[in-house]
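So, here's a batch of structures to check.
First chain A sits with chain B, and in the next complex the same chain sits with chain C.
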Partner chain A sequence: MIRYVMRRVGLGVLTLACVYAVTFLMTVSVPGNPLQSSERRLAPEVEAALRARYDVDHNGRYFLQLFSGLMRLDFGPTFQYPDWSCNEILAQALPVSVLLGLSAMLTAVLIGVPLGAWSAVRRGVAGAAATTLALLGTCVPTFITGACLLLCFGVWLKIAPVGGWGTISALPLPTITLALPFAAYIARLTRVGMEEALRQDFIRTALARGIPERRVLWGHAFPVAFLPVLSYLGPATAQALTGSFVVEKVFSVPGMGQHFVNAALNRDAGLLIACVTVYAALVIAFNLAVDLVHAWIDPRVRGEAAT
Partner chain B sequence: MTESLKDAMVLRGRRPSRLPGSGRAAIAVLALMTLAAAALWPWSAAWYDVQEIDSAVRRAPSWKPAGNEEAFLARLSREPVAFRASWITQTLAGARSLLGHDDLGRSLLFRLALGMLVSLVIAAGATATATVIGTAWGAAAGLCGGRVDQILMRIVDVLYGLPYILLVILMKVALTRPLTALLGGRTRYADLVILFLAIGSVAWLTMARVVRGQVLSLKHEGFVQAARAMGAGPWWILRKHLLPPLAGPVIVYATLTVPQAVLQEAFLSFLGIGVQPPLPSLGRLAADGVSAISPFSGYWWLLAFPCATLVALLLALSGLGDGLRRRFDPANRHPSLLG
Partner chain C sequence: MLRAVIVLLIALLAGVYIAGKWISPRPRPDLRYVNSSDVHTLDPARMSWTQDLRLALNLWETLYACDPRTLKPVSAAAEFPPEISADGLTWTFRLREDGRWSDGAPVTAADFVRGWRRLIEPGTAADYAFFVTDYVEGAAQYASWRSEAVGVLTVLSRLAEGWSINEEQASVLATAECAEIVRRAYAEAMGNVAEPEALSGARIARAVLAWGELHRRVFEAHAAELDARFARVGLEAVDDQTLIVRFRRPCPFFADLAAFPVLAPMHPSVEEHRERWRGAPLTREGLVVYDSRWTRPVKTSDGAARPVTNGPYRLIEWRFKRSVRLEVNPHHRDASQIACRSVEAAVFADANSALLAYEAGEVDFIPTVEVSYDHAIFRLAESGDRPDFQPTPLAATSFFNFNCADAEVDGRANPFVDARVRRAFSLALDREAIARHVLQRGDRPARTFIPPGTLPGYDTPEGIPFDPEGGRRLLEEAGYPQGRGLPVIDVLFNTSGAHPVVSQAIARQWETHLGARVELRGKESKAFAEDKARRRFMISQANWYADYNDPTTFLDVLATGNGNNDSGYASAEFDALLAQAGTADDPEARMRLLKEAEATAVVRDAAILPVFHYTSVIAVREGVEGLHPNSRLWFPFSGVTVRR
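On to the complex of A and B.
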């Protein structure tokens, strides 16, 4: 088990380094840089000074500078906000995105798992509810769901604030909006897993031995059905943490999304690389955590991955 | 034991012999929408940007055509005579206020008709890109095996882990300058091409996995072994023995990529990095509708019609893909949309 953990952590670090290098290459290989694309033309001497400061002309040295900063967990300056460093921006925006993403994931699990399991056992109302949720979650873009929720609860019923951040009452709407697609997929996974599990021989055996139906369902079938959900939770949580640009924009939540999009559009190499690195680290960390939990629960995984 | 539990225990997921009803309904809806948009194309392409400044700004849907008749007729008079004189032109000119007007006084009907085509073109291009890359990648990994396979699939794993939209944005940023230079002054087309290449160059991951799995299982089939024993080279085997049976799953996953691409385009347009104005797309129009809605305004048609069209299109496309998958995917491992 320890060897397995070490191996996975090593692979994760390697992947992160790859992502970092690729992002760097992609940002610097794009023609044009933030010093040129600013709206005001810079005075030549100012531009020269800035170029010298950031070593823009020598990509190799710039890479080393950034990379040595990264080793000290210092992402360096941004090109876009003169008075801010990347670390300060991240320190403000990251907790917001993490809170939103985690609460959305929790909501998605709390909605998706019971609905999926219920709809596998009972058709009828539960099946219809699960199907509706699946359709809504898959086919309605989040910015439309978000706008509709905002219109209903924020504008007409005046229960929730119309966007913004900082109070408890601002949390539910963006959380639900972000959670819906994930809840839909989790419901589908649980439902299929449950249906598959109920067809297995050990369920029939358990029922034949007279074990109460409820215990067979939740004690025997459900743990098997939950495994695919568990392995989906890793990438999904990472996606909820990082992929919330749209939701953040609809509800004007001051998270990472806006910074990332602006950095990509303004060629703010420093901030862009910082955002991608943080995203990738989150993704890798969550995948790793879920894989480890999986290996802990299911010994077969451990054996397979170790070979 | 309850009846429903008994029901759940028997083998329920037997493969249907025909496309399920939902899939056939989806094809009907899809054909109807696409044909309508395609039939309107000459008119929507000519008029989507005709601004009727005066009284038509944010005019609610109505049967009566909006205000600035002169601007519209002036625009119309520049068109060929046959176009001007046709009765369809006259009817459509009269119907241009049917879905209301946007904040610049442009007819939502024409913008919606063109926007749907733009969305479909981008989605089709993205799907084609994804299919080509994914099939080549997966086939290469499956055929070569060994170290090459491991490296190729490791790359897919890494890309899978990264947020989808993040890669699309990065690709778009990376592709914009070189492609604009390549395509010269036709910026409008360059925009569309960049957009579908960016979406397509990220959407091929699932395809690569599926194709690799199929190639791996096909490789050990008797007929492939026989061909190899008779001295067939890898290219011959790929072309004559592996690609034909791959066509089914590839088509199924390509169909499933289309709604994803439409959705990605909508997200990008919402974030302001998709289709550039004045060209409409469904995502762009829905995003405009979202920003037009505020506590003080009731411009519901700007949100309702684009969103309804977008959702209907996505539903039909996913229904079609799902139906095809249930019909053709032999393993049927993945959770189905409709349960």
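On to the complex of A and C.
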């Protein structure tokens, strides 16, 4: 088990290094001048001075500079927001995204799992309704759901603020908007898993042995059905935690998602690399965590790992 | 299994609880307005975005202020008007004695010199450094002396660290004022004189120690000379209350510039934030650089609040991408009379959400309503159904640059080097149709570069008419009858906002009226800027906003060699008219010359293709008084009253 964990951590670090290197290469090779922010053109000598200041006049030097910063967990300055460093921006944005992402994942699991399980067991009208709901969650884009929720609860009913961040009441609307697609996918995964599990021999055996149906469903079928959901939860949580550009924009949530997009558009190399690195680290960490939980729940995985 | 689910739930709940600790309710400010994206910087010297300047003009008090109704300069930190010498070249500003910083200290003339000196430092990279370098005597020389030294010190410090340098950097060493000392030192180190341009990597590697020593010497000599050099700039704080500015050429509109927040004074405490190297307040590369955090509001251990500002408001809080909060500066002379005691600029990344917040009563004011259905907003405003939506004509023009300079673009012959072709394309554009049917949001069709009626004292020349027949005739004269022989016309535009539809409409008109074939090339902002800067276009979209109340704020753009002259237009006649206007004593004669200049470049030579002058809708909640709509969207909050 320990060897398995070590190997996975080592692979994770290697993946992270590759992501970092590729991101760096891409940011320095796209056209566009990161130092130019307005319509006005910088004087050439001023631009040369700035390039020297930020070390962007020499890619090798710039890489060393960024990389040695990374080793100290210092992502350096940003071009677009000179009053803030990348670390400060991440320190402001990450907690926001973590809060929003965790509450959205929690909501998604609480809605999706029971909904999926229920629709697998009861195939009637209830099942169809649950499937429709799940389909809608997948198909309707978040900017539509978000705008509708804002209009209903913010403008007409006035029970939630129209965007912004800083009060508990600002949390539910973006949480629901962000949770819906995840919930829909989780519901589908659970449903498929549950249907699959219910067809298995061991379920028939359990039922034949006279174990109450309720216990068979939740004690025997559900753990098997939950495994694909669990694998999905790792990357999904990482994705939710690092923010969603659309949800953040619609609800004016100061999270990570907007920095991703804006940093790329502004050619803000430092900030972009910082965002990608954090995101990649989260994805790797959550995948690892999910695999470990998997191994803990399902002895077959553990057995594979040992060989 | 159940164990796993329970552990997972507990972990999630704990996460939510811990993160929830960051959230706390906040008091509502007197005025809350929409700040579309967060401010880029609160350092006035580095500003160029309207939302940044809007905060700066409330935080800092410049020599004069701009009256929001008339846009004319009025007394602020100094008494208006200044004393102007007979030749117009020496201006004496008398500072008011009751000017106070937010820490209670009096505002002095030296604070202004400090602020303006920061503005022209190369490390500041100010968009508006030209306010000082273009007009104040000796400022350009100081700035270029500094830039050159920074170039040399940068190269030397790279060499000292063992990095290779490119040819461009090597040539810096050869052309700089200190080339001699570089050459001598290199000769001493290597025992042989070599041209710095010819330095190979191997030699440089061997010379690392010598380069370090040389860098130190140049650095120390430069640092020692800094203040003596700056003394030659025509900025003089005679005493605490008197600031004398000497100009190198008459600048009759300098009172306007003096109301622009980039010319704000700086409190002495700012200098504590400078990066230092070897005891001198410069970086290793010779740049003047400040710890980026100096603009962020903090309470220091001795109870003082930073940053120290001298305007009617001071900075209380800046939560990145959320809000900036201002409160009245208790030491300001008008502090007791200001009704609006606190202001919050709240970030709304999405314009549609911002409008929803306004409709829900959460914000009081939107400086520009920029929703995707802005034509509907404009209709509501115009019909009088929503008196709180106020259409405001801006001193801003959306236009296209013709490439006047390159005979060939991407391997295709560029017909626009011929003024007749440019004029033909300009004549064949029905601007009325674009403003009325395409944009539908109150923008005015632009027949000239300068929006008529926005600059006091300036009479706009007769603009370019819509005359497709005349256009076809001119095109025939130029050798393209019915558009035959024209290459495919390449139009570059920025894909943001309304530019794509406007570009499509223009292309359609040219195809109809001139028989031209047009290829539209939309690009995302940064890629667009890159193509524009390298002049890889025949026609490219552009915008220009007035910075001050004088025609030169527009016309200088078209001067030969101006850094923002993307069209590459170069006309001796136009330049001569600008120069004549620059030295004219009589204000009326000056305006006449500028009018002639505009007629020459925009109407006769058609260097650019004006399309429309922007109109913006501002939204002010009923009960909020004192936010006067004006063509610069300039909103001082100290005169605002709010009734709930």
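Here, the second predicted complex is superposed on the first by the 297 of 307 C-alpha atoms of A that agree within 3 Å, B and C clash if a C-alpha of one lies under 4 Å from a C-alpha of the other, contacts with A are read in each partner's own complex, and residues count from 1 in each chain.
Simple rule for what comes next: contacts are C-beta pairs under 8 Å (C-beta built on N, C-alpha and C of every residue); 3 or more make two chains touch, one makes a residue touch a chain.
A quick note: this is a predicted structure, and the numbers were derived from the prediction, not measured.
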Between chain B (first) and chain C (second), which, if any, makes contact with A:Pro223: first, second, both or neither? second
May I ask you to decide whether A:Val140 touches chain B, chain C, both, or neither, giving the answer as first, second, both or neither? first
Contact-wise, after the overlay, does A:Ala93 reach chain B, chain C, both or neither (first, second, both, neither)? second
Mind working out whether A:Thr242 is in touch with chain B, chain C, both or neither, as first, second, both or neither? first
Quick check on the superposed pair: does A:Ala280 touch chain B, chain C, both, or neither? Answer first, second, both or neither. first
Taking the superposition on A as described, I'd like to know which of chain B and chain C A:Cys18 touches: first, second, both or neither. first
Between chain B (first) and chain C (second), which does A:Glu213 come into contact with in this model arrangement: first, second, both, or neither? first
Chain B versus chain C as contact partner of A:Ala120, first or second or both or neither: first
Which partner does A:Val250 contact after superposing on A: first (chain B), second (chain C), both, neither? both
Quick check on my understanding: which residues of chain A belong to both its chain B contact set and its chain C contact set? 31-32, 147, 151, 154-155, 162, 249-250, 265, 267
Chain A partner, complex, touching residues on chain C are 1, 4-5, 8-9, 12-13, 15-16, 19-20, 22-26, 38, 40-43, 46, 48-49, 122-123, 125, 127, 129, 144, 147-148, 150-151, 154, 158, 163, 169, 283, 285, 287, 289, 292-293, 295-296, 319-322, 346-350, 352-354, 356-357, 359-360, 362, 524-527, 529-530, 533, 542-545, 563-564
Spell out the part of chain A that touches chain B in their complex, as residue ranges. 15, 18-19, 23, 26-27, 29-32, 119-124, 127, 130-131, 134-135, 138-141, 143-144, 147, 151, 154-155, 162, 185, 188-189, 191-192, 194-195, 198-199, 203-204, 207, 213, 217, 235, 238-239, 242-243, 245-246, 249-250, 260-261, 264-265, 267, 276, 279-280, 283-284, 287
Across the complex, what residues on chain A touch chain C? 31-33, 35-43, 45-50, 52-53, 57-58, 61, 77, 80-85, 88-89, 92-93, 95-96, 98-99, 102-103, 105-106, 109, 147, 150-151, 154-155, 158, 161-168, 170-171, 219, 222-223, 226, 230, 248-252, 254, 258, 265-267, 293, 296-297
Chain A partner, complex, touching residues on chain B are 1-2, 4-5, 7-13, 158, 160-166, 169-170, 173-174, 176-178, 259, 263, 266-267, 270-271, 273, 283, 286-287, 289-290, 293, 295, 303, 307, 310-311, 314-315, 318, 335-339
